[in-house]
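Pasting the structures here.
Each of the next two complexes has subunit A plus one more chain, namely subunit B in the first and subunit C in the second.
Our next item is the complex of A and B:
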């Protein structure tokens, strides 16, 4: 961690560069806010008609959404630009420059391309969590809030791993945007709703293979006092951080292997 | 300083599939691969303070070589040692001793003046404040950057950006500077500035400079050693003058006679062009001295005009590329 302050310097200079365009920064904050609030409200409208889905009420499903949004945004701070733009960087040869610096390429990329505008997403995500807690009248103690933080960090690690895994093929393949689209967005649509509404096979996939259910479905049951574990053991509600840690370790190892076998471009 | 032993680099590429949709579907499941050799069995040494230029046609392996030297790519086989470090294995430690500028790709923050990036690099390379201050002054002075030192990078011209990039890669006093096509796309004045700077840097700090280029003037004005790479192999390694002698075919003498059929017959002097009264001779100065050649040409015939030309490197190199390509296609 001796370099921690150095990476922090890179993040700071990024924020500094963003603030140069103050109007744009505020505008992003506003427009993102409108987008997320609309989505949030849409769930409310939808659930107003149905009242509940598989025993999950209106605000309970909104809570799932808020957990997903917040942990995604926390990961996107460091991951969205670095990894979704990686294929372009590899093609343009910009990635080569990264490898000639006395830095860890992964951390350097993440701190250099840190995107300050995700601040607005995180802020709205936390606001939505707050709204849900208020409406559901959950009485959470200090430890519960600490566990909420741990869950969000675990979810962030899972989401960050998804970014890294989907970017690694670009070391060898020219185009892999569809892979990123599939795993980062399409597949994640499943966890907008309680996983219990899906057939068992999909539940297994979302738990063991692409474990997005740990982002919101399992930990949410702790806060909402639910017992909706289906095929799996209730201990799964505590495992988000562990799952995140395992996934991110795998992602880092695969990343290192990828760089070793990196081809660069011809020119 | 740089030692390269039997280095090869091969890429696995998809074999082009046959046309037709059946073949396309087939390629989804099983792909045929083939190994494409970018460079094969390279060996050379570069001493401290040398100014080395790599030339060669596109796809010859110049950039691959520079990327292996700088640690970006791992060789498929063979060993590279720069500064006693194996660059691809010990990337971070190697990075402390090298400066890199790859073409027009900027390592500077687009929205900020170079000053901010420099300060960041000071921390990244852990440069002592006194050395940092001295080097920034040295660069700003020598690259004439006072006028735009505090201007955001996005407002700079291509030449100014290149100078800022060069400065950024030299703040930590690297022992070796790698440049991939440093003058590409620049105007004549900007090119001259950069060439002069590289010479001065080398004289002042003994920095070893390795550059790739398509511009022979870069080589002529900067480098004291030329390495020509074609199809992944070194086909020439040595000084520039020796290169002209070996491949240039010798000095050209253009003569305009007053009468016809006045061609000189001498085994050591060849006729390379002849139209009407104009004849172009070519000879190697180690066979025939310039004075002797001129006196031979002028002795018997009446001249209207006489011009002496050294062969143009640009053309010579073009001829070598074409010849080698022809030989490869025959094989």
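Our next item is the complex of A and C:
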């Protein structure tokens, strides 16, 4: 981390550039906020007549959504632009130029392309978490809030590794955007709802292979006092950060290996 | 309106452009199937222990979800943000000298993309569902199918025009960013595509009744599913006609003002 202050400067410049155009920043903030609020409200509408799904009530499912949105946005600050635009960069040869910089390419990308507009997502995500805690009348102590923060950080690491893993194939396969689409978005549709509504095989996949269930389903049980551990052990509710740490380590190692075996498209 | 052959040519060009990356189509279809599977699990979970809610059974609901997937691909539109981008970047000037009206060109371009996604994403996903899950029963009543086809066509015309009109507003705002987000929020909340309007709380339903969004896919599907009788269906189509007329007039008026705006900017 010899260039820590340089990375920080990149991030600061990005934030400043966004805030400079105050009206546009506000418009972005609001229009995104309206979309998240709509999605949040639609869960309420979905359960309005039915009241619960697999024993989870309206605000409990909304809590799942809020945890997912917040941790996703925390990761997207640093990861959305760098990794979803990586295929295009490899294709155009812009990525080669990046490798010539005397800095860690991963950190350089993540700080240079930091996206300040995700402040909106994080703000709304936290607001939604607050709304759920209020409506569910959860009495959380200081340690519970600390654990909530740990859970969000763990969730962020899981979401960040998803961005990195789906970008790595683009070192060799030109244009694989639909793979990223599949794992980053389509697959994440599963964890909008309690994992317990799916067949056992899908529960195993979401726990052990693409462990998105750790983003919200398992830790939520701690906060909501639930016992829906299905095939697995209750200790899973505490493991989000550990799972995130393992995944991100793997992602970084694979990224390094990928760069070593990368051949430019030559364009 | 431009000659139909030109319209078809532009649509085919856009279709071919999207089919260049054919390896993506398998993943695309799989992604659609995943979404379908999630929705199936959700509705199964919601209907557990209930035969029918508000007169709607799980079978009705799955028919709704399947047709919604198919029709949703055809009503998909990013015309609004495309126009916005063109206005902001100025590339709209080349589109204006094409031998076909700007609106026809934009709609043809969207049609090509939608047809591609319909054939290579929605249809295979439904086919997988039919093979592994079940085939929903549709009463083969020719009159009902005819009314459905008419109202779905009207629905597509309505949604394309709404997007087009929203896109034209960027002539005045000089920004394209908000169009997709606002549209997404309003559409999701009032179109009844995710949660059918049958399950909406009364007050929300009232607001939705006055907006055109429910006419796009929800009402046509309700006709096909036999939830709206023949008289009701004709009423819906008449209402769609009124909306189309209104949108056409609004679009003509806005376009004449917008052309003036281009002239001013180009001077």
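Operating definition for what follows: the second predicted complex is superposed on the first by the 264 of 267 C-alpha atoms of A that agree within 3 Å, B and C clash if a C-alpha of one lies under 4 Å from a C-alpha of the other, contacts with A are read in each partner's own complex, and residues count from 1 in each chain.
Operating definition for what follows: a residue touches a chain if its C-beta (ideal position, glycine included) is under 8 Å from a C-beta of that chain, and two chains touch if they have at least 3 such contacts.
Small disclaimer: the values here were computed from a predicted structure and weren't measured.
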item	value
Partner chain in contact with A:262 - subunit B first, subunit C second, else both or neither	first
Contacts of A:10 with subunit B and subunit C, given as first, second, both or neither	first
Which superposed partner A:140 touches (first subunit B, second subunit C, both, neither)	neither
Partner chain(s) touched by A:20 [first = subunit B, second = subunit C, both, neither]	first
First, second, both or neither for A:94, with subunit B first and subunit C second	first
Dominant toucher of subunit A (residue count), subunit B or subunit C	C
Contacts of A:103 with subunit B and subunit C, given as first, second, both or neither	first
Of all residues in subunit A, those that touch subunit B in their complex	6, 9-10, 13, 16-17, 20-21, 92-94, 96-97, 99-104, 260-264, 266-267
Parts of subunit B lying in touch with subunit A, wherever the complex brings them together	11, 58-59, 63-64, 67, 70-74, 91-93, 95-96, 98, 100, 102-103, 105, 107, 109-112, 116, 120, 123-125, 152, 178
Touching residues on subunit C, where the partner in the complex is subunit A	21, 24, 27-28, 30-32, 34-35, 38, 41-42, 44-48, 50, 53-54, 175, 177-178, 181-182, 184-186, 188-189, 194-195, 199-201, 204
Footprint of subunit C on subunit A - complex, ascending	24, 27-28, 31-32, 34-35, 37-39, 41-42, 45-50, 53-54, 175-179, 181-182, 185-187, 189-190, 192-193, 197-199
